[in-house]
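The following blocks contain the structures, represented as structure tokens.
In the two complexes below, chain A is the common chain; its partner is chain B in one and chain C in the other.
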Partner chain A sequence: MNRFVSMRIAGFAALALGFAVLPFAGLSDYWIYTVTIGFYYALLAASWSLLVGYVGRISFAQAAMSGLGGYASALGVIHLGLPVGLGLLAGVAIAGLVGFALGWLTLRLHGAYLGLTTIAFGEILRITVTAEHGITEGSLGLRVPALISGGSRFDYYYLFLVVTAACLVIMGLLLRSRVGLFFQSIREDEDGSASLGVNVTLWKCVAFAVSSAFAGLAGGLYAHFVQLITPSMMSLQEMGIVLAMAVIGGFHNILYAALGGMLLQVLLEMLREVEQWRLVVFGLVTILMLRFAPNGIFGTLIDAVASRRKRHD
Partner chain B sequence: MSLLAISEQAINGLIISSFYALTALGLAVIFGVLRIVNFAHGELYMLGGYAYYLAISALGLPPLFALLVAAVALFAVGAAIEWLLIRPIHTGRIDRPEEYAIMITFALSIFLLNLANSVFGPWPQRPEPLMRGRVEIGELIISGDRLAAAGAAIILMTGVILALRYTWAGKAVRAVSQDRTAAEIYGISVQRAGLIAFGVGAALAGLAGALIGPVFNVTPPMGVVPVIKAYIIVVLGGLGSVPGAIIGAVILGQVESFATILIPDPSRALAYKDAYGLLVLVAVLLLRPQGLFGRAERRA
Partner chain C sequence: MTDQLTVRGLRKRFGGVVALNDIDLAVEAGELVGLIGPNGSGKTTLLNIVSGYYDADAGTIAYDGTPIAGLSPHRLARIGIGRSFQVTKVFRRLTVLENMLVSGLSDWNETRSVATERAMAVLDDLKLTRLAHEPAGNLSGGQAKLLEFARIMMLQPKLVLLDEPFGGVHPELKRFMYERIREWNANGVTIILISHDMGSIFGLCRRVVTLSYGDIICDGTPDETRADPAVLEAYLGDRHDAA
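So, the complex of A and B:
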């Protein structure tokens, strides 16, 4: 194992440890709640960056997939009487299958065409959830059973922390395996990698499925934590926030995207007094990042530190 | 269904189509020259509505001049966006241009939507229409503001199509959309054509927003739904195709107008109204991605 990898593992462990001791640093209940929601966004932004940053396939259906996972899990628990854990698994499986189908349907599409199709797909999901109010309560919102009955803020915090960290590790291992190399070869040159024997069709579908499954898990956890979900969690505005999080953090790296999700969620709460202006600023920062620092805050910072260290060596 | 009801729905469909077409035409012109889908188009539409509203309420201009103000203001906004954010794509200064174009215009739409929310507030505004009262044709009754707005939209579209065909700038824009390299070899400034195309596209979106403002109110999220219709239309007609944009708009207007009254349960029919077009979009992209009038493109 080379030095760079061990440094990254150490960095990740330090981060996880930092978040583990955070509740003992005198955080109020309100902030523990906020950071817990931050884990949801971190997982969602990371799942999006897995698809966009590594495979180069753009999707605007990620928020819809999260909602799909949330609604599938909630409805499974409410109508079929599943235990919450099984409901979550069902949500992950459904989001993954739908993601696979979306990937398969859009195999031939690129760039803007893919963006438009995924927008349409996400909007159809959102409209269906809104329209079928007999089952989903529509825009009134669906009451969802709790994940941990009688669980405290601490219980949820640590559950979200563990799940998010575990998912990031799984994604990281996947991306470091052969499959990760297939993903990146598709991003760099699809025809080229096909000519070298990569099953481009299969891995494009798998990428969509994996990314959607993680989004579905995030949505399911969120639904059973906040216990009230509405179709607005599937809207394009919500997708815009996820995009801003991933871009500001750095969407070419799942960990940076996740940190972006946490950072923006915390900032959104801290800047509550300025209301809509915070979203204006985030929109502007996202544009500037894309234009001048496409690696995001964390990517740019770490690159700068690394290049300085190299000069010192 | 009686003949009267049918013609009423058909006319409603045509009026809606004319606004759809104006918005979609802007997208088509931008795509034709710059090869990008402007995901912030709905917010340019919204800004047009506000420009029109402010020109009337703050400057006290008559509606016709307010339309002109909206067009000029949005041309300037569009040209600035092209110059600042889109031009780097074609000068090779961006690593992954395709990805960048999609994400930057999407981010721009978040920015503009929330900016309007902060500056103008979430309250709906209702500017003065071009015309009041209503028009009766036999037993058919059509409200005057809608008819005037649809008429203005049709005149504007005719003007743009003629300008594209006969003026020098219009010919340059068409030449660049047909073959970028060849146009450049023949001495056309592709950068200027891109600037004009984005400006005109933005102005068309703004004009559509200005015309529809008095009918459906001006609000920050007013562009979110119409722009999705415009995406459906340009994909249906073929991205970058001008006749495709207009025919696509007519088809979508009629489909939506009739689909709503053919389904018995009214609340559900209304809720699903926006989904039909999206299904059309997905179906076209999967079966015939070049649309009805587009050119098939092979991505190397």
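So, the complex of A and C:
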């Protein structure tokens, strides 16, 4: 194992440990709740960066996939009597399958056409959930059974921490495997990738499926934590927030995107007094990041530290 | 000798433009065939159809006697048809070694350690070892052409289609590439080479096929090609004197 990989593992372990001890640093219940939601956004932003940053396939349906996972799990538990764990798995499977279908549907699309199609797809999902009032309660929102009955803020905090960390490890392992190499070769050049024996069609669909499945898991966890879900979690505004989180954190790296998710969630809460203006500010910061620091805050910081260290060596 | 590649009645149109007009071509195993012709004569279209990037409007293609028309590019790569592109398609944000590993690991029977070992041997052969951990985006144009060669070698192909491999390459590097192409061919790899560099074509190939407006107008030795009035009129003019 080279030094760079060891440092990344050590950094990830230190972060996980930091979050593990955070509740003992005198955090109020409110902030424990906020950071727990931050884990949801971290997972969602990381799942988006897996698709966009590593495979080069843009999607604006990630929030819709999260909602799909949430509704599938909730409805499975409420109407089919599934245990919550099984409901979550069903949500993951359904989001993954629908993601695969979206990947297949958009195989030959690129750029604006791909983006617009994913927006349309996400909107179809959101409007369907809103319209099927008899099943989903529409805009009123669906009351969802708890993930841990009688669970405390601490229980949820640690569950979300463990699941988010585990998902990041799984994504990292996937991206380090040959499949991750195929993903990146597709991002770089689809024709070149196919000429070397990579099944571009299959792996593009798989990338959508995997990314959507993680989004579905995030949505399921969120639904059973908050115990109320509404179609607004699938909206384009919500998608815009996830996009800003990944871009500001650094969408070429799943960990940076996840940290962006946590950072913006915390900032959203801290700046609650300025209401909708915080979204304007985040929008502006996102545009500036894309123009001047496409690797995001964390990517740019770590690159700067690495090049400084190189100069000293 | 058996045919490695057999093309019969191949036809392709792009709107009103006839790119290939009932092409028949048979290439024997172990041949090194040059494919020449003016711009728009159908050379790259033929390569794109054989390597699965375009569908033909009509005609059949057989590789080792098996029909391959309609197979996707990745399937064709896996059964031994390697190709390069006019504009190199190296993966710029991946390292040179990772570029090589994509080619090796697309075979699911190959482990990463075996693929890495093979990749390093190929890179060594092409004098690219010192660049193994460099992002491919940092390579010069000639080095990128060499990396494309190296990635194809990782596939262990039986048939290689090279589309303008010498474009913008320094003469010294070009000579190095000649040696490698000859070595490949001597090891039994069938090669079809597209180039506008007549020195390379006539120096490397024992057989030259000339296309013009989608038709094969000459199929012969370099001497026969140079002397063919149709080739002279359509393409060579007096430039073969310089070659």
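The rule is short, and it goes like this: the second predicted complex is superposed on the first by the 313 of 313 C-alpha atoms of A that agree within 3 Å, B and C clash if a C-alpha of one lies under 4 Å from a C-alpha of the other, contacts with A are read in each partner's own complex, and residues count from 1 in each chain.
As a convention for this text, contacts are C-beta pairs under 8 Å (C-beta built on N, C-alpha and C of every residue); 3 or more make two chains touch, one makes a residue touch a chain.
The shown structure was predicted, so the numbers you read here are calculated from the model rather than taken from an experiment.
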Which superposed partner A:110 touches (first chain B, second chain C, both, neither): first
Which of chain B and chain C A:240 touches, first, second, both or neither: first
First (chain B), second (chain C), both or neither touched by A:185: second
Partner chain in contact with A:273 - chain B first, chain C second, else both or neither: neither
Partner chain in contact with A:197 - chain B first, chain C second, else both or neither: second
Contacts of A:58 with chain B and chain C, given as first, second, both or neither: first
Greater residue coverage of chain A in the superposed arrangement, chain B or chain C: B
Which of chain B and chain C A:119 touches, first, second, both or neither: first
Touching partner for A:128 - first (chain B), second (chain C), both, neither: first
Shared chain A contacts, counted only where both chain B and chain C touch the same residue: 191
In the complex with chain A, residue positions of chain B that touch it: 31, 36-37, 39, 85, 88, 95-96, 98-104, 106-115, 117-118, 224, 228, 231-232, 235, 239, 268, 271-272, 274-275, 278-279, 281-282, 285-286, 289, 299-300
Residues of chain C touching chain A in the complex: 51-53, 72-74, 77-78, 82-83, 85, 89-94, 98, 101-103, 105-107, 112, 151, 154-155
Partner chain C, residues of chain A touching it in the complex: 178, 181-182, 184-185, 187-189, 191-201
Complex interface listing, chain A residues touching chain B: 52, 56, 58, 60, 105-106, 108-113, 115-117, 119-121, 123-124, 127-128, 130-131, 191, 236-237, 240-241, 243-244, 247, 275-277, 279-280, 282-284, 286-287, 290-291, 294
